[in-house]
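Single-structure report; data block below.
Naming follows writing order (A, B, C and D), and every chain is counted from residue 1.
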């Protein structure tokens, strides 16, 4: 696209001096962005830089304190998302916005229902959705319940939702975070098609190579302000990252192997029945040795959560689990934790934290029966607070104090607290599920360092991550999980994310290499 | 801790505003009814002329607060972990009749006799609460419905027991059915000496201050300690704030449901005892009903914390006491119920608002101390 | 909610200003049963007696209603006592214990309790022989019911209402020993919603009429409305309770089904007690208002039982003379 | 496809139920099990419960838990009585609806606007409802007021003036009353069906008709219109709805106010039955309605079944204390049917693994059947207190069997704030 054509067309979106303050935080400060029509415009920035807030403002979910928004050259002011929908803006949110108990069709038409004699015209809706899906290559079954869909399908439903409303400007907030490379490629293919049809896409991602791959223009946001607008052909991923944070990029590479031949965790023939005939876990077996990090790769929903929860004793499963030679498969979650299993859950807000409790109480969580939290039947407040202070120091948790409520911390700091907590009490085995998901680069590096150090000290780790670079960089061995089965054991030193993605999606048939 | 103090101050301010608003709303109602709001207000504080009337009024006020407080505690234990024990009503009835009956079957030295009665009441209340708990953990039955159903069942069961197996002797022409009279050693010593201590005329027994007040205070402190300082209390709090997180931390949700429900039921079992051991000396068909439902309001008003519940119980009791006084002032006593309902509603609204303000402040403070609120200067 | 009943008796509430009444320093306090003043029933009947005392005896009166759960009954008595009222009357057997306690605390004050016996020195029990009145209702029902099938609907299965049942059954049997009597209570003792459930009363009575009952006697407070409705629908008869319901029930279509009502003159009891107190009488006794003193009886509005007047009078005479002892328990 | 099958299954279920009832009726000789009277009573008692349940359904489908139904119902009764005696049944209907709706509005203001916990607000409304009505009675119905002249007391309003219409199914249930004649023959099955149909069609209150029509209407509105989709989305995922431009606050307001109005309608129905407002006549039906709704899995059909079960059990116990003992027989037959089905499944396909559990279950079922049968044989009459609780016990038993299939709206009871996802 040449500079001349750009100049003659009115920009699709112009944001001028957008400022948004939250109590205590300026999320956006004098933001200026111009998005040309028919392009994919990427916005990058650290966690908490203010990307989502900006997009919510553009979508009418939040009102800016200052600044103007122009869409296709005319100034607009949105009170609600419907106003934004009206002028052709649609948004796919960072977290899925779907009603699980509704069908795909219901989710799509909600808020823009076709009517006939006052009733919902499902026939017309179905026809329109199938049409849209066909033209854009977004295949979905309109009558399926959303709760039965995988992430990729849900993503497509989200995009269809937006297209169904006739949006010409699409906002995608971190759409690739939960997708495997093949799915990402599929998504990008869809985006390119949309672009070819003249739609404008605003795209947010932390994965910079993806950004460079798809974007026609990039805006970098740091601490709520636009710091640079660059052309993807002019920068490398590394330069882009440095623009975002102003510091060196860390890499998750393991240095030398510390794997010993002492088995810490042995999982044998683990099977978990699902509804009907399907097995959620099917004969899963593996060993993790002292000082070893075993990475589990897999598309979300292939049994990772079930595997973790079975090992933690949260969900019942058949089979044997041994910790340091002891059969723990009949033990309660509590006993498993007491005997040295640490657990960094995949969703920190759901399973990891008491958001409305103080940091020190969150330190106690999961350690109720152990020192320093325990003192007979009592909770030892003094010792717990002291130990929380230690975590805050050692793990660089940015907080005013240990009495602060957990919800006042940013995501990265919450995660560091959880990592610190789970590393306390000398675990022999740690489950780390997406330990750096949604965490910015600085915190990411710190968490990786902690994992590596603990591994060097003999910790066995089960690492589950959607970030394949992280998985390849940290693991000593990688197992691929597909439909509840371990289908391949791979050596991280000679695997690429693409090949790994092939195994994860079943595109490459499972072979036992190593 | 200034943040905590701030919050407490905000809460109190909110509550005060709410109470004042509630009184204002009810004043309007009183004016519509053709009454004088000021008269009504004085009636609230009118504890009588004579010294004896005053001590009677104080005793009435405190005696009413005691069961309300216990009921609030019982409800709160469940509510703290999002377990809605609507069944306190049924639990205390069954517990009261069983305790009254068991207590009447033997005579022992007072401390022993009273202890046995209290233990039986707690046991029966706990056991009755075990039913919905077991139904919930084994079959997933929603405790709201099961406890509502069990309330009706308890009422009928109590009616059956008091007329049938547990019926006591009655004087000719006496129509109230009742369990056998408790021996004197079962009656809880009253606290009327306190009045003398404060220079009031002591009321006579029956109209006096029930000794069970002491048990209630001890119970309140014990529950506070359990909830705020022990591991069990921590687990309850964790389960209430975030049950998946509690589960992942090793808290067994089934065990928690059962133990919290049983604890709640055991406390509920004591609700009827102040009345039985302080005044009636038996369970009969006039036994005060509805305390379980009021307990819900009291617990919620007190934000499920013992101190708050105590304040809420005292407030409710204070208002209830005025029912007679209001009638002397020719004002419909039902304004009390309206005031109570309005206060509950307004206080929780105020709570919500102040809570939000407090969280905001806390976030802002955290952000300020971390210096996150200053955007970086950018050299483009 | 002790009484099964509806309205006050036949006498006019006198609206006369108290200035016209003879002056006296009589201060009478009265505490109602749950439901309170204005329930058109038991409580109002008691109030009628109190008001009569105001006009006839020049008494200063104060009446208090308890809270919805009745937990402050004892407190109300004390408040009245502390405010200098003497005598003080508790309406309903639920006051039994509280009156007893208050009487001990205030030995200088005279108390009365409606519907319950007492043996305290300063308490008078005002009892009503509901079973005797119900006996007459039973006689009337059995005589009028051609099918020999009658019914009884009780509001709450308390001992008080069982007195009604016992008397009614005895009365019916005295006429037709083989009569079929359907008996149904709406709620158990302790659950007073049975006095406030016209729909349930209707269902219960409907069944009786469908099974062939000709006349149903109710002692179920407001639930009796349902009984009357069922009677009207089945084109059969019913017997009211407490007050002359043919007068107090305003719906004309229901009035005509009320063959008679079993009167319970709480007003008489209350007034007589106050009058006796003024005359210097002391407590410690129980006064039973029975057929002999017309404390109970049958109403004749509508004239539907005029034809069997002789029979009823005979039964009444036998009871008054002690030839028949009516059981008070079923 | 699946819907058709579900519908057929329901029909077969009902047919089987009637067959078993008929059987039990013949064996026990208790005609009231299927008599038209019992079914008429069941209808009468089920309707207010069903209306309260519908109220709960509307609120909870929009994500607002409404435990204040009882209080709203009380408001409905009072206003219906107050307007009814002055201006007749239509005014009573309107006033009752408005009274309930006002309660709903209060609940909406507290929960939706101020974000108060739904249970708390509901409890407060349950306190306020009786308080306000009592106060209004004390002011408007006290001695000397025109209302008191017309027959009001503090606990009752004057009777509603004017007639309400009670239609019957012509020829079959009225006039020649063919069904009534068939019923009185006591033939196996035929008379039972006749009794049931006649009970449901003979001289029914016009409000019953309205209430019954409200069930399919609710289904239609909530599941077949765009408004319904939006309403349910507010109960499943309000943030998603908000992001699509649905005004979640408005939807919740409408739903909760409608919920209050429906509860109020339940109150109106009670007033129509008793022809006047009677203090305390709701007697906890709001709670039972809530239970019926949960019992019915937050669906109109299920709710109707829950209310019907409750109404039937209550009607039967009111009509005949002895008929209630046939529930023992009924339970025994059901257990035997269950065992039969299990045995057949064992014969046809041998599933390994869960055998021991299944055998224990079957053994327990057989034992239960024997005990129930023995109870039926030996117990002639239960103490009244146990008769009264029949509906409650039945509800508990059914829940024990079925409650694991229940699924409430995902965001039910969640305090929703615009722009704040949790």
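Observations
Everything that follows uses one rule, which is that contacts are C-beta pairs under 8 Å (C-beta built on N, C-alpha and C of every residue); 3 or more make two chains touch, one makes a residue touch a chain.
Quantities reported herein were computed from a predicted structural model and do not represent experimental measurements.
Common partners of subunit B and subunit D, by the touch rule above, are A, C.
One inter-chain figure worth recording: subunit C and subunit D are separated by 36 Å, centre to centre, where each centre is the mean of the chain's CA atoms.
Computed centre separation for the pair subunit A/subunit B is 45 angstrom, with centres defined by C-alpha atoms. Centroid to centroid, with C-alpha atoms defining each point, subunit A and subunit C lie 75 Å apart. Residues of subunit D in contact with at least two other chains: 130, 134, 138, 284, 385, 388. Shown for subunit A are the residues in touch with two or more other chains, of which there are none.
Multi-chain contact residues, meaning those touching two or more other chains, occur in subunit B at positions 156, 159-160, 336-337. By the document's touch criterion, interfaces exist between A-B, A-D, B-C, B-D, C-D.
Interface residues of subunit A, counted against subunit B in their complex, comprise 23-26, 29, 222-228, 312, 314, 332-338, 343, 345, 350-357, 361, 364-369, 374, 377-379, 381, 398-400, 403-405, 407-409.
On the side of subunit A, the complex with subunit D involves touching residues 56, 59, 61-62, 80-83, 85, 91, 93, 95, 97-102, 106-107, 109-113, 115, 118-120, 161, 165, 349. Subunit D meets subunit B in the complex at residues 67, 106, 110, 114-117, 119-121, 123-128, 130-132, 134-135, 138-139, 284, 287-288, 290-291, 294-295, 383, 385-386, 388-389, 392-393, 395-396, 399-400, 403-404, 406.
Partner subunit A is touched in their complex by these residues of subunit B: 1, 3-4, 229-235, 237-238, 241-242, 244-252, 359-370, 372-376, 378, 380. Across the complex, subunit B is touched by residues 2, 62, 64-76, 78-79, 82-83, 93-94, 96-97, 101-102, 104-105, 115-117, 119, 125, 127, 157-160, 188-191, 286 of subunit C.
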